[in-house]
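In the part that follows, the structures are each spelled out as structure tokens.
One chain, chain A, links the two complexes that follow: it is found with chain B in the first and with chain C in the second.
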Partner chain A sequence: MKIIILLLIAIVTFASDTVHFQSKILEKVLSDISTPKKLKIWTDDIKILNELKDHKVLNMVNHICDSNLVIIKNKKHLSKDCKADFIFVLKYNLLNEIPNSFGAMFWKKGRPNIVIIEPRINKQNISISKDLEPYLEERVW
Partner chain B sequence: MKIFLFLALISSVILSKELALDTLLKEYENSASLYKETKKDASGMLIVYSREDLDAMQAYSLKDVLKTIRMSNLSVSNIGTLQLKKSGQGKNAAPAIKVYIDNYELTTVLQSNALDMYANMDIYFVDHIEIYQSGSSFAFGNMPGNMVIRLYSKNPSRENSSSFSIGLNNKSGYNLRAIDASTFGDDYNYLIYADTKKINYNEYNNKGYILSRDMLSSQAHFRIYKKDDFDIEIDAITTDADIFSGLALSPIGGKNKKSYGYINLTKYFDTNIKLSLSTSIEKKNMSSIDDKGLHFYDATVSKSFNADAISNTYKLILEKKIINGNSDFLIGTQFQRNTINIGSYSSGSLNPKFGADKLDIYMLYSEELYNINKNNLLAISAKIDHYRDSISQSHTDYSARIGYISHLTKNLKTKLFLNTLYSLPTIIQTSYAAAVFQVNPKLEDSRMKIASTEIEYIKDKNKFITGYTYKVSDNTIIFNKNKKTYINLKETLYFNRYYLRDEYRLDLNNKFVFEYYSGYKDHEASPNRGFLLQIFTKIDNFNIYNELVYRNGYKYNYGFGDIKINAGYDYTSSISYEYNKNIQIKLKGENLLNKAFKSVIDPRGLLNVPSVERKVFMNMEYTF
Partner chain C sequence: MVKRKEIFLFVILIILAGLMIYIYSYIKEAKVEMFNKIENDKIHQVIDIYENIRETTMKDKNISTIDDMFNFLSKDQNRISQEKKIATLLSPSIKYIYLLMRDKKGRFRYLLDASKIDKANFYQKFDVDSPKYDLVYKINKPQIIRHKDVENLCLTYLYPLSIDNKVVAILSFDITNYLKQDINSLIKPLESFFIILMIFIVLLIIMTAIQVIHYFVTRKKIFTDPLTQLFNRNYLQEIIPMLNLEHYSIAMLDLDRFKSINDTYGHKAGDYILSQSSQIFKNSIRDTDILIRYGGEEFLLFIYNRNEPNIAVEVCERVRKNISKNLYKFDTNDIKMSVSIGIHKKPYLEKNINEAIKKADKMLYIAKSEGRNKVIAFEDNMVLEDEKSYDINFVKEAILDDRVICYYQPIYDYNSNKIVKYEALVRIKDKNGDIIYPMSFLPNLKHTNIHYKLTQRILSLIFDKFESTNKSVSINLSFLDLINKDIENTINNRLKKNLEFSKRITFEILESDEIENLEFFKEKIKFIHSLGSKVSVDDFGSGYSNFRTVLDIEADYLKIDGSLIKNIDKNDKDFKVVESIIHFAKVSNMLTIAEFVHSKDVYNKLKMLDLDYMQGYYISKPIEKLATNEDLFKD
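And then the complex of A and B:
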């Protein structure tokens, strides 16, 4: 439908800006971690998946079963048949609900935050760059 | 002033160092600011206070925002309430300002203006504030008004936290606030908020009589919703204040106790239909005791006055949106019933007269947003309202508006609006008031015709806005001090105002705002010119904010000869420190120069009082 109302354009611009920066942050985080395996990434957030699908460095895949790192905003989308090696979550409470998730990007008190759980990355042989060190936390609150 | 200049200099030269990821997070936060979702450019001349602004300003209460609004003056009334008057308006003017919290338009009946109740409300649970001036779109469906203030509560999916805040100030005042907001289940959102506070002011000695407007206030707010499905909003606020000068100038006692609460239920249907049902209750008890006697409108004199009343409103709203090609069409209808139950009314030997105690309002409104092409939008809206009251008076009135918004270039945007709208007399003017003036049930609507235009130019880090408004007012409602009642003025009044605003963003955390406005009208009974300077600075974990609000001096005659009010300079400075992710410590001083604009309490000019007094606040906030 050819709706080009300015108001709608403003909303679309707002939404695409938001996804753009969200993806940029994920790109930065994922570029700053090293894992024993080359990462193949899938996310249940369709907007982020579309934004990153042609990324030159991040290897995005279209199906969870083809991935070894998943970025999850809804726990229901984790697959029992295709277990991911690494899980990054988009809500803080998922860090509690998914014990092997190693980090999160989430909103708290009106601000977006990043957290990486140090014991979990150590257990999963994930190493991080110096840029991510300020975001390390010992445990999930 | 030296401190201010020093801080301004620091602000301009120091930039904070941030990690790349922190910068991205900040950019993400800015890009996702909620006001970008809610603001309606086509709905009027808009001022936005984003969450980032409100946090940096340490805006604890709504008055911290109201005092900075261009083309208006924050005043204090003789009974101690804060009131927002338009530039040039006098003591007795009752501007039609409409206030929303989320979806709900506050429907205070016994108080002429919702701000009488809410100007001092805490805005700890508010994310951002939008102010529409010069007549807003009728798509809001509000009662007629030429300024709309919209407060939007914090988005629970962005909060996911509980916070507690405690504040103290140098006048022995305090405030306690707590908020919990989060999501649960399948995208359900909730927010619970409560506060209680004591506001102490200076006492004024008027020839041996002490004037106090100290106040105790509490508020609770609850909201639960699922986006595009349903929304339940509940709010309750209560205040208990000293009467200040009361209904005369020699007070020896008196109180102004008010409370207001509402519940609003909204259901969204798949077919772009919205249905809202709401009800509110308002209680008011006012007493004024004066040593030299209160002079009532029938020339009787009494030492005291006491009145209490309860009002209720019931509202039903049904709206439908039709999106078709380049057209976005909204049609809505509302029914509202206002009732007043008068309890006691003690006014000496005066035999009080009241107007209607019930008013039914039937409204029908629509708005068409038509996109001529991708850069040009036409906005047409109209509203027709039918009123029927309990003394069998009925009348119908209408409002209409046409707007044109054009993106002339990538950097240049213009807006043009032509409005014709009316202003309804308030209940205080027509039906129920303190005995110092007589209600006038025959009062008619006043009509305004407003032409306004705005140009916005954005280049690199700079945003420049200039606007002009021309207004013609017929049948204007004014207070006639000889008849001691409100009347319709036969003479046509003309006003015009212009403003300039420049916002310069040095980087993500540092910005300057400068705004100047000037207005012209025949009789100026309050400042008509002013400027606002805001400097937002962030240095590491410190947020520093500096603000100067200027209002010009003026002369006016309330019938006792010219009185001269000096220009006002209200300088506010604040600093907050983020100790860690959980704890914030804040320090703020307002009216630090002690030269803020003053309101006239004694019409002879012998007692003038600033609405914002010199105060220093300390606040600590803990987030779980």
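And then the complex of A and C:
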């Protein structure tokens, strides 16, 4: 928890490259969740994809069909043919629009926010570390 | 060369730079104060309006607990209505305004969001990025969070909303930095001007500093003797105006027989001795003393004597002892050296520093003549022989201005009552027309080129005066004159073509210890004889008179030294010596002349001897014209 808060403070205080820090938060969030399957991640945000593609722990893939976790900024990029097991969104409203998305990382009034929807992660057999517990929400408001 | 001007400029620039920095920081501070004032005004304006809205709402809607408030705002209609009211507070400088509450888990949630953009949903979680949100709940006082890189926000103001003195919510509004940017853009040209000005001044400071450093580096080179690393004469010239002679004694140091080191071991050895000796000098003096290489092997030492009036001799003795106990090892040779030192303890008593140095130099000369390796100090009661002396430039000017003249003193044959010849005696007329005697300027000319020029001028004057007469003249020449090639040529050119005139000339040669090479001396006398001129040995009977030399050179005359003549009427010993000299001259076929005949008694006494000629003030003083018999025995 403390690490994430410090990270958030650091971002707010020192961030000069939003994408870079957004990637860092995502990296932390994704590292702190565990799923039944080994995660293969794809995102429609090219900048984040480029930032994380050489990541040592996160297994980034170049095509949505090769992935089982997608990070979505635009709902249109979700493929009907290749359905991902897990969906993480980059806008709060997408949590409403994509009912099976389990969490979001987004900017609100210039500040980074994280939301993990507890019923959805339980349903999808996603477990989270203690660090992410303060971000758990019962529902999307 | 850079002078004090640059250092002054450097200081001025530093002061100017300081002033600029002060003005710049003052502008910066004023700007911050201005921002703070604008912010405070904005904040109070928002708070005042919001308080009105809140009070009205709470009163109208009968809200008295947090639950009442939550229930009221959870209804969309109420919330929209409240948001509309609060939204009136939005402006370009107030970007977001929203009401937050802390839930039971300590997480903050939106109750209202009046923002026009990036609006949050009711009860949506708000991840706080500062502990100040909790602090507002804790202490019930407003807090300010300053931002650096949150969109265009510069601060967030957290205002507690209390019911029964308990914080139930926080009104948070984010202030943009647009106003700051506007003010900054207005002030920017002024700041830029100061920055450019400061850069310019800093560059000037750097350039001036480089020049000043260069000055000191160059100055060191200019004032340092490369061989000994001591100060040189340039430095002396530099410090003379600043030197307070009342606090210093002056010493002249000269390494004894240094020339023989160069001659025996070569110049490298000479250089080695000089640099080693300089080191010994430096180690023997104090930090307050100033040592200068004055010339070749001569050094000038300023001995700081404030509060220690007799320290000069002590310091110089230490220098002398350290030099004499040192063994110089050059190649395979062990060399011993000594130093002679002349001191002037109170140089401030002299007319100027040059006079003081000259006096120290005279003490050095005495130290040398008393056997070297000595320290001689000038005492107040000391009277120097040539106290009133004229320097080389005086003689040089006299030659150029044609103020060199000759006086002539008759040499008298008392037997025949006739003037047989005249002795030419040099004089210089000074610019006031006063006659200056040779003792006042000749000693300073020794071994200088001016001495030879003066001799040539005298020869020309005498030759011009006597060539056209039938009278004889006696001319004084030193051994050094005699061996000078130019003088020899002058004599040869003038006399060879007129042998009759040549026969009327006698060269009076002064015996001296400078006649080192007797064969060479004889050769020169032979040259004079070859022209038909005569040779007289001057001042015979004094000093180192050598009968053998006189015989060898076949002199025509012996001029008996005045010291033997002046008291001959009272001193029998002198009478006997003169009698013997006359006898020696007779048997050696030489004529004798007695000089310094200054009284009738001396004249009469000399008449008792078998003397040939007499000369002296009693007979006639030296005068500018050629005296006749009528002019004799007048005074």
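FYI, the second predicted complex is superposed on the first by the 125 of 141 C-alpha atoms of A that agree within 3 Å, B and C clash if a C-alpha of one lies under 4 Å from a C-alpha of the other, contacts with A are read in each partner's own complex, and residues count from 1 in each chain.
Here is the rule we use: contacts are C-beta pairs under 8 Å (C-beta built on N, C-alpha and C of every residue); 3 or more make two chains touch, one makes a residue touch a chain.
Keep in mind that what you see is a predicted model, and the values were worked out from it rather than measured.
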(request) Name the contact category of A:P134: first (chain B only), second (chain C only), both, or neither. (result) both
(message) Let me test your reading of the model: by the given contact rule, A:I114 touches which partner, first (chain B), second (chain C), both or neither?
(response) both
(request) Would you sort A:F21 into first (chain B), second (chain C), both or neither based on which partner it touches? (result) first
(request) Report for A:V29: first if it touches chain B alone, second if chain C alone, otherwise both or neither. (result) first
(message) Residues of chain A touched by chain B versus by chain C: which partner has the larger set?
(response) B
(message) Applying the document's definition of touch, where does A:F106 land relative to chain B and chain C: first, second, both, or neither?
(response) first
(message) Based on the A-chain superposition described above, do chain B and chain C contact any of the same residues on chain A, and if so which?
(response) 5, 8-9, 14, 92, 108-114, 134-135
(message) For the complex, give me every residue of chain A touching chain C.
(response) 5, 8-9, 12-16, 92, 108-115, 134-135, 137, 141
(message) List the residues on chain B that touch chain A in their complex, please.
(response) 19-21, 24-25, 27-29, 31-32, 36-37, 40-42, 51, 127, 154-155, 157-161, 163, 323, 325-326, 328, 369, 371, 373-375, 377, 405, 407, 623
(message) Going by the contact rule set out above, which residues of chain C touch chain A in the complex?
(response) 96, 98, 105, 107, 109, 115, 118, 120-127, 129-130, 147-151, 153, 174
(request) In the complex, go through chain A and note every residue touching chain B. (result) 1-11, 14, 17-18, 20-22, 24-25, 28-29, 91-93, 106-114, 131-132, 134-135
